[in-house]
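Below is one structure. I have some questions about it.
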Amino acid sequence: MCEMMCELGQLTRCDGDACLMQGETCVTTAVYGPTEVRINKEILDKATVEVVYKSKVGLPGCAEKMFERIIRNTCETMILTTAHPRSGINIIIQEMQNSGSYLACCINSACLALLDAGVSLKFLVAAVTCLIDNEGEIILDPNSKQEKDGKALLTFVFDNKDFSIVTVNTKGSYSSQQFKDCTSLCKKSSKQVFEFYKKSMEKLLSKDNFVK
Amino acid sequence: MAGVNLLSDQGYRIDGRKPNELRRIQCKLGVFKQADGSAYIEQGNTKVLATVYGPHEIRGSRAKLLLDRVLVNCQYSMATFSTGERKRRPRGDRKSQEMTMHLKQTFDAAIMTNLYPRSQIDIFVEVLQSDGGNYCASVNAATLALIDAGIPMKDFVCACSASFVNDNPIADINYLEESSGGPELIVATLPKSDQIVFLEQNSRLHEDNLSKVIDLAVKSCKDVYTVLDQTVRDHVSELSNSHGWDH
Amino acid sequence: MVDIRVVGARDRQKQEFTEEISNLVCPGDVITTDTGFMRGHGTYMEDEKLHASVAGVVERVNKLICVKPLKTRYNGEVGDVVIGRIIEVGQKRWKVDTRSKLDSILMLSSVNLPGGELRRRSEEDEKMMRNYLKEGDLISAEVQSVFSDGALSLHTRSLKYGKLAQGTIIQVSPSLIKRRKTHFHTLPCGATIILGNNGSVWISATMNEETEQTGGYEQDLEPVSKGDREVIARLRNCVIALSEHQMMLYDTSVLYSYEESLRFNVKDILKPEIMTEIIENTQPRLESLGT
Amino acid sequence: MRETPLSNCEREFIRKALGERKRLDGRQAYDYRTLKIAFGYDRGCCRVDLGQTRVLAQVSCEITSPKQQRPSDGVLFVNVELSPMASPVFEVGRMSDQGVEINRILERCLKESRCVDTESLCIIAGEKVWQIRVDVHVMNHDGNLIDCSSIAAITALAHFRRPDVTVDGTDVIVHTIEEKDPLPLSVHHMPICVSFSFYEQGKFLLVDPSDKEEKVMDGKMVIGMNKHREICSLQVTGQMLLLKDQVLRCSNIAVVKVTEITEWIQKALENDRQARSNGERFGFREAVVMDTVTTNQMNPEKLK
């Protein structure tokens, strides 16, 4: 897995935000909520989760909409939506740099931003991407060049309660055995992501660590 | 545009004007019956029509209602046949939107907005023919229309453009001079106090020359004012003579 | 037959005598630097100087200085007679468009109920509001008071006010309506004219006494005779002619122009040259009255 | 969502403090907030922080057909996105008046001053030219979006490299980075916007107003200028009346500010250039200050 680095609380207008760098890939996420929601989007018994994805270049198209949908569904599973009926939780994701394993980075940064915003969650999620290359080798956290040459790209999202799968997104062809291998490898490495979350929050919330 | 000499050695511009000379201004008040106020202006080949409705009850979204002053609503549009190349969208593109905002801002500052709380004044401006200085002609036309509608203002608002060619500031530039790549300074003033209501400049102008160009533009606004003022006086005199009012 | 004329020819020949009026001001002009005056409509104070904010003629009443613009939206005053259109039926009130700066209000408590009864307004009445006056109805009313934001409150608590039934409405500039003691005139030619201060003029056939006293809630929808219609149409065209030539509207001016127009067909009155002729004949008669 | 208005006492407080020549954040009237420029991994990508205001700019290019009136000129396109990330007031999709205003000022400042040589972007006259697109994303709104956006846009343009092309008859071959070194745009000069906010009918003026100061101001003047002291765009917004002297005073201040900012941009560009050529690490991560509680870093162990 590549190096992970995060910056929290950089933005002032939102309720929580995170800038996550995984390798060269970099994503900033801001969270508003629970907040007011437009009447036509209001749900009586739970919160409305909305995700806006902003790509760096050009206007949003179909691909961006689908991306928003995947992230929205993942986040909705994680958020304790019943705790905030008739309110909205808005997640805005800004692309900073896409150098591979992009979806995973977006989901992880959304999770960190939700943590920073203090939104009630059922559990945390960690996304890990792996690539099956032409030789059948599995590469964790591929970069964009590797992604181009690969055979299949799989992104798994696990929860930290019982490590069940929350979301899977795949591209390309692979055998069911390869899928199982990838799942177990990603599950293993997702623990490290959870560890990273924990460390980040510990550092943020601790007093003694206060440097400066 | 290379090859075009904007200012001849004798000191004349392409259309034969002197550097500080304005184009011919012709204007008329009260060109429409159903509007509360209307005016038509020609500045050289730029022709603009303006109408004013109001003050009246807020129409449309009541969210725009202002409790302490009147809402000034502007709409700037250019006729599809106003330019050399047929315009596809008469309004709503970014440039028109910007122009609408600028007009609103200009008249917000000049109209005595506090007199009519909770109501709305509409200013519609239509450019019929465009030959440079669209903003200026629009402002001048709208001023006349507002006066025709009897809406209280601090003063006239007069606008004029200016440029800088061969170390000489030139006033009231036409389309050719505008598109030659030289600087373009647009200013709207309250001519009696020389206060600037709106100022905009495009393309490059050296900071040292700014003062000269502003001076000429402000002075030209005063010239525009003389013309507009006379038109208003003639219009009012003519009407009130036949009014049978006792004064 | 189609009547065609060139646009340019219609332009009135500029009167040669457009000599400038001495006390004419334009926005921003300094009226006086004397601080002893009071600031009226159409003026503002800056740097201890009184400036005009509209183009028009300066009027001085003792210490008060006003500038009256030639043309402006109707500015209501208590006691004015107005003609308006119901645009909204609300809680215990109607909203009336009087071509004023803001919509005017007619309270349920300020109307005479059908039959001229004077009693407390019950809930029933509230529910029946749309039966009395509904959206689109024309009414004549008097300005009862002016709210702080300039909106007018109307009342129709006199039998002469109320719903208008059959007739014709003309919109002219409010400044052309001369303020008189009464704005309701039953003209000898067999028509009634209401000169609303807000610039709305209503012309209808003269009713007999009894129906007029109902406050107009029962609309008389009997067909109007052809003779009456012609009188109404002629009056309408005369009012338009007068307003076109910026003549003040009041009973005498309307009547005189009506008399002058009798020589022409009703539909011909609106032809510019005939219009001018009628007005030119009317003007000396009015002047000879020594107004 | 509607903007939460500033409370009356806050408004009063700020106005009163300004009367005593004091600003909320302790700056002097003509001071800028701290300016930080970070470059992304890609060429033509930079993030600019002006105090708490943060803007991301990315320059991209594609081959299009030129405009009819100018067949041998490339196209420069500026797009400003007011992301809801920056402030809950901004909505997705619809362009607000503020968005149009910023977009037009940048367009006028960059396009009409011809800071980028568009003639050099022509590949085949009348058929194929480069379109250079500048996307400016506002990420955090704490006032003075215009200055911050203009710095980001011009820095990104200066940082950008476009692929080299070879014309073979009517065919155009676009070379990848590996084949041929990409080319920088020819940026003639760097126009930078400096905003002034006015208070009490022009009696007080502030440089680089923060969000709260913007909410209290009467009006604003934006001067776009380059270091050669050429004014590239100038605009007054808001309902206020100015005198000529005030305009000239602002343009004098702008000269100083533009010189400072241009130097700062050049320095940042130079640092990035050195890092890239020396094979050091570059990208956004280099801008992260590690010794604060809000940041964390982890090098996961190798699995398998």
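For clarity, chains are labelled A, B, C and D in written order, and residue numbers in each chain start from 1.
Here, a residue touches a chain if its C-beta (ideal position, glycine included) is under 8 Å from a C-beta of that chain, and two chains touch if they have at least 3 such contacts.
In UniProt terms, the chains line up like this: A = RRP46; B = Exosome complex component RRP41; C = Exosome complex component RRP4; D = Exosome complex component RRP45.
The model shown is predicted, which means the values in this text are computed figures rather than measured ones.
*Asks:* Identify the chains adjacent to both chain A and chain D in the sense defined at the top.
*Replies:* Expected: no chain.
*Asks:* So which chains are sitting against chain A and chain B at once?
*Replies:* D
*Asks:* If you average the C-alpha positions per chain, which one ends up nearest the average over all of them?
*Replies:* B
*Asks:* Looking at chain pairs B-D and B-C, which one is connected by more C-beta pairs in contact?
*Replies:* Pair with the higher count of C-beta contacts: B-C.
*Asks:* Please flag the chain sitting at the greatest distance from chain D, going by CA centroids.
*Replies:* Comparing chain centres, C lies farthest from chain D.
*Asks:* Mind checking the centre-to-centre distance between chain C and chain D? Centres are C-alpha means, answer in whole Å.
*Replies:* So the centroids are 58 Å from each other.
*Asks:* Which whole number of Å gives the spacing of the CA centres of chain A and chain C?
*Replies:* Comparing mean C-alpha positions, chain C is 69 Å from chain A.
*Asks:* Averaging over Cα atoms per chain, report the distance between chain B and chain C in Å.
*Replies:* Centre separation, chain B to chain C: 33 Å.
*Asks:* Quick check on chain B: which residues sit in contact with 2+ other chains?
*Replies:* Correct list: 190.
*Asks:* At least two partner chains per residue is the criterion; list those residues in chain C.
*Replies:* none
*Asks:* Is the chain-to-chain touch network here best called a line, a ring, a star, complete, or other?
*Replies:* Line.
*Asks:* Under the stated touch criterion, can you name all the chain pairs that qualify?
*Replies:* All touching pairs, sorted by chain label, are A-D, B-C, B-D.
*Asks:* If we count contacts the way the header does, which residues on chain C are in touch with chain B in the complex?
*Replies:* Going through chain C, the ones touching chain B are 14-15, 17-21, 23-24, 26-29, 42, 44, 46, 51, 53-57, 69-73, 97, 101-103, 149-151, 245-248, 283, 286, 291.
*Asks:* Going by the contact rule at the top, pick out the chain D residues touching chain B in the complex.
*Replies:* For chain D paired with chain B, touching residues are 95, 97, 100-101, 103-104, 107-108, 112-114, 221, 225-226, 228-244, 247-248, 251-252, 254-255.
*Asks:* Inside the complex, what are the residues of chain B that reach chain D?
*Replies:* The contact residues of chain B facing chain D are 94-95, 97-98, 101, 105, 108-109, 181, 183, 185, 190, 193-208, 210-211, 214-215, 218.
*Asks:* Would you tell me which residues of chain B are touching chain C in their complex?
*Replies:* That would be residues 30, 36-37, 54-57, 112, 116-119, 147-156, 190-192, 229, 232-234, 236-245, 247 of chain B.
*Asks:* Over in the complex, which chain A residues touch chain D? Could you list them?
*Replies:* 1-14, 17, 19, 21, 24, 26, 28, 30, 32, 35-36, 52, 54, 56-58, 90, 92, 94, 96-97, 99, 140, 185, 188-189, 192, 195-196, 199-200, 203-204, 206, 209-212
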